[in-house]
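The letters A, B, C and D name the chains in turn, as written, and every chain counts its residues from 1.
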Amino acid sequence: MIDEVFYIEKSAYCKSYIHSLDARVKIISAFSLIIVTVALPYSTAVFFVGGFFLLFLASLWALSHLSPLIFLKRLAAILPFGLCIIFFQIFLTNRYYSTFHIIAHLPFGIHIYTESIEFAGILLMKFIVCVSVIIFLSSTTKLQEMLDGAKQLGLPSDFVMALGMMVRYLFVFGYTYRKINETFKTKCFDPFDNQLSYHYRLRQIGYTIGTLFLRSYEQGERTYLAMLCRGYDRHSDIYVRQKNLSRRDWVFLILSLTFFIIIPIVVYIGGILP
Amino acid sequence: MHIPDAFLPLTHGLVYWIIALVFIVLALRWAKSEMSDEKVPLVAVLAAGIFTIQTLNMALPISIVPGGVSGHVVGAALAAIVLGSPYAAVFIMAMVLAVQAIIFGDGGITVMGANFINMGVLGGFFGFYTYRSLHNLINNQFASALIAGWVSLFIPAIACALELAIAGTFPLTIGLITMGVYHAIIGIIEGGATAFALSLITTARPDIMYHSTSIMKRKKRDAAILAGIIIALGIAIAAPFAASTYPDGLESAFYGIYGAKDFQSPVIEDTMAATAEQAVIEKTGNEFSWTAPFQDYQIPGFDKMGEVGAIVIGLLSIVLVGYGVTKMIARQK
Amino acid sequence: MHLIETRDLTFTYPGNVTALHHINFIAPRNARIAVIGSNGAGKSTLFKCFNGIFMPTSGTVLVRGEPITRENIREVRKFVGIVFQNADDQIFSPTVEQDVAFGPTNLGLDPETIHHRVHEAMRLVGIEDISHRVPHHLSSGEKKRVAIAGIIAMEPEVLVLDEPTAGLDPQGVRDLMAIINSLSKQYGMTIIFSTHDVSLVPEVAEYIYVMNRGRFVAQGTISEIFLQSEMLQSVRLDVPVLPKLIRNLQKKNIPLPMAYTFEDAERVFTETYQESIRHDR
Amino acid sequence: MHLIETRDLTFTYPGNVTALHHINFIAPRNARIAVIGSNGAGKSTLFKCFNGIFMPTSGTVLVRGEPITRENIREVRKFVGIVFQNADDQIFSPTVEQDVAFGPTNLGLDPETIHHRVHEAMRLVGIEDISHRVPHHLSSGEKKRVAIAGIIAMEPEVLVLDEPTAGLDPQGVRDLMAIINSLSKQYGMTIIFSTHDVSLVPEVAEYIYVMNRGRFVAQGTISEIFLQSEMLQSVRLDVPVLPKLIRNLQKKNIPLPMAYTFEDAERVFTETYQESIRHDR
């Protein structure tokens, strides 16, 4: 995953209307969209609302001039755990339906139900919308802009500074991680190599983890000293250039928030569904 | 084990977030006050290190398919043990999970509180106290770390299954069994790697290792903590069976845990575990009385503002009690 | 009153490694001092005592004539700026500009002044056009300059550089030397730097301390130190190649005057030769 | 058949940074080759193509005449051993001995052979007496030697060293150069190393590739390359100080023959100057 950070960063450094929006606007819109999606009651209406949301995201993605492949690749990397749970749903009954209709009998008394498939579909739709929002957010916003934005939105500066340092050293250790892997390759070590005993592989991985832990610990010590040299104390703060939202930031924010609220209302209350 | 968005209802997410925030504040305080030395930079850099550690993939000890499925280490136990405080793990995991959720989409935003309680709080506290009590009792660093690592992965997995079950997203029994078995297996990686990593750190930099010897050994207390952990583990392991025996076994399992809690209440991590569990108990009652909410097209929870409010107030008071106990114990040190 | 002075400074790391033994060091105003020594000699440890990152186990460190205390430590750190060996230790903010601004922000200056200082510092080391980049994509020479800018922005009067040229390519070394020289000559900063690349020393420094196993084994001007080639070799160092060559030739009765920098050496070789030919005619 | 040969090798990092452009490189048996270039020239990237850590984007890498494939990659890695730039990234074990044994163990050798190889390797680089220490506390020179021993224990025929002397003090550099020379001369290993410290090159290498921005801009024997001082300066490098001095003096009509190593330079200066002085009398 740490290698991914370099690719994510690369897409965040592209230039487009979407990229140039203020990070605060993107953070607020993204989080509201996730909250709205999560809050949607379990019903088939989710397919409509989610569909609209996905369309919305797709058009933003088009505006960002990023390749759809980037999106699909990232999506594929995130899906497994959620998909696994969703897939199992089709064999299970759940409390959101009162009756279940069996559509397939499998051995060992396992059944597949219509309602369960529907429920799995609803979950999948919500899940994909939420994940897409995050992919969209992190692919179009530079990490440090996100941090600046978070700070201006009121995240405590301790956390902003800590997260900023973490992000900075994520890249430093990203390089370290690559070099360790290259050493493994040169020395013909593969944690999946069954010719080596499991105990031996586990031990080497454990030692590597220990080494990495020490490396980061010592990096932390040295960095702390370097920070002291620059006047760090517990009142220290990170420098953020104050910036006001431009008109198009406001336009984007208001339009997107309205969209997130109108769509569900129209679909649910407006009675598009029976 | 990273629960994605939409797998827990918003109200549940909120409740977990509130509990999580309390622990984050406590951890931040730890980082700023511990031994009058600022730990914020150290912990921030370590968080990047733990994140990197989590990317070292390793074959599972039991090969399910030829070629091997991979697992990796979470690192909460390791961080807590080396830095000598479960709050270290809480702080580090908070940052790691935040970055994973917001940048990588691994784990959700609305459910971040839950993920954080599982991997950071439960993982850190169980890992740390299992290690310390075992180490004080059997005086074998390697074995203690091995078991602590395993526990620090297994308990969160069970908690995760419970949370999904309460949310109605995944049935309790199957969830407990699949999550439990799977994580009991990768727990071997967590435990083994934690133990080897710790042995390397102890040989290379014994000075940074927190010395449990420097704190007065209190065998009785350690035995009590250990007993609590064993009971928690026992319940976690027995839960699927209990759950499958009784139709509404969830409740009974929880009251079981709740009962166990009285038995060794002065212990920090159980206080805190109880906090989460209590939350869950309260919710359980509500949850089961829910009718299928989509029938009347209402957003769940919004028609039950009163109930949600009660849950939140109840939780807050429990958290406050937990916090008080933690403080008192901290002052005794 | 010297800007920095240590008296009988001894420092022991936790775990009983005594890295400094009875160090007496003086940095007068506007001096350019090199501390040379092999790996593990204690150079970095010594530098960290100069601004109170490490407190002496025994002895004292005086900055502007006053010992470092809890009360004046902020002042001391403003006064003595240290650039560490590894730029990655020192650049911890997500962008170059934020990193350079970290020090001034901590000094509690107003945003106007911060902005001004940051840009002045970036201009001095020539990194203005990379101010919005992220540190991890910079080359090692650029990182080094960002680290220096971060210190300069605090406007210290003493600039301490720990192995400033380690890992840089020859052009990077030349650029950095030019920056250091101009900070000393145009801005009157006092420069203290460490290195084990002895050939750099004559280009920048005028006074040398030679360190070995936590002790000063010699100190003096360039010509005093570089005459003692046995001493330097015994502490794992080297005489720069030009003085060494001239020395060896002098031993063979070739009447060359001593020279340390490239320009001087070229001059003495030319003059000596032309002299001898002139005699010839 | 050459031990390593690249034909028109081009390598692009994911994310479209092309770090190598049409590289043609040849390493005959028992050669001693230096690849010199500034920071970011692409030296490390090139080396990682030699044992299949990176696979060419276009072009081929031939090891013992055969292209690297999935099937022979283990053989290739046994044959070409690479010591990377930073020793800290290559040492993970709690003792030096265990670390040196890491490679041979992965090759699946029997314990007897492993033990023998490990001790032989430690003897070659002179770290036998620290075999039970924790690598973490070793000096940088010792760590470097442990890293080299770890590779030698796999008994490669080609030893590739990426900036082997970076960060070492002068004595450390001398020791390491002696080890490399003896590996080449006594054990017949083929040596390829990178550096931007040009003064090292004449001491070890006999053939030089000059790299800039992912391309070879020149190649040849030492005397061929070090005559082109403008070319070297244009790629941010330097001519070693002695040839540079001699060159400048030659331009001033002093009839000095060229020399690259210190011994040679001393000899030519002595001869030339004594000559002129003799004329004098």
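In the analysis below, a residue touches a chain if its C-beta (ideal position, glycine included) is under 8 Å from a C-beta of that chain, and two chains touch if they have at least 3 such contacts.
It should be emphasised that the depicted structure is a prediction, and the values quoted were computed from it without experimental measurement.
Chemist: In terms of C-beta pairs in contact, which of B-C and B-D ranks higher?
Modeler: Taking the two pairs in turn, the one with more contacts turns out to be B-D.
Chemist: Could you state the distance in Å from the CA-based centre of chain B to that of chain C?
Modeler: Roughly 50 Å separates the two chain centres.
Chemist: In whole angstrom, how far does the Cα centroid of chain B sit from the Cα centroid of chain D?
Modeler: Whole-Å distance between the two chain centres: 50.
Chemist: In whole angstrom, what separates the CA-based centres of chain A and chain C?
Modeler: It comes to 45 Å between the two C-alpha centres.
Chemist: For chain A, jot down the residues that touch at least 2 other chains.
Modeler: 143, 165, 167-169, 172, 174, 176, 207-208, 210-211, 214-215, 219, 223, 227, 232-233
Chemist: Chain D: which residues touch two or more other chains?
Modeler: 92-94, 136
Chemist: Quick one: which residues in chain B touch 2 or more of the other chains?
Modeler: 41, 199-200, 204-205
Chemist: Considering only which chains touch which, label the overall pattern as line, ring, star, complete or other.
Modeler: Topology of touching chains reads as complete, every chain touching all others.
Chemist: Show which residues of chain C lie in contact with chain D when the two form their complex.
Modeler: 37-40, 139-141, 166-172, 196, 198-199, 233, 236-238, 241-242, 244-245, 248-249, 252, 254, 256, 262, 265-266, 269-270, 272-273, 276-277, 279-280
Chemist: Can you tell me which positions in chain B touch chain C when the two form their complex?
Modeler: Touch residues, chain B against chain C: 41, 207.
Chemist: Residue numbers of chain A touching chain B in their complex, please.
Modeler: Within the complex, chain A contacts chain B at residues 1-5, 8, 31, 34-35, 37-43, 45, 74, 78, 81-82, 85, 88-89, 92-98, 123, 126-127, 129-131, 134-135, 137-138, 143, 146, 156, 158-159, 161-163, 165-170, 172-174, 176-177, 191-192, 194, 198, 201-203, 205-217, 219-221, 223-224, 227, 232-234, 268-269.
Chemist: What residues of chain A sit close enough to touch chain C in their complex?
Modeler: 9, 143-144, 147, 164-165, 167-169, 171-172, 174-175, 219, 222-223, 225-233, 236-240, 242
Chemist: Help me check something: in the complex, which residues belonging to chain D touch chain B?
Modeler: My answer: residues 92-94, 134-137.
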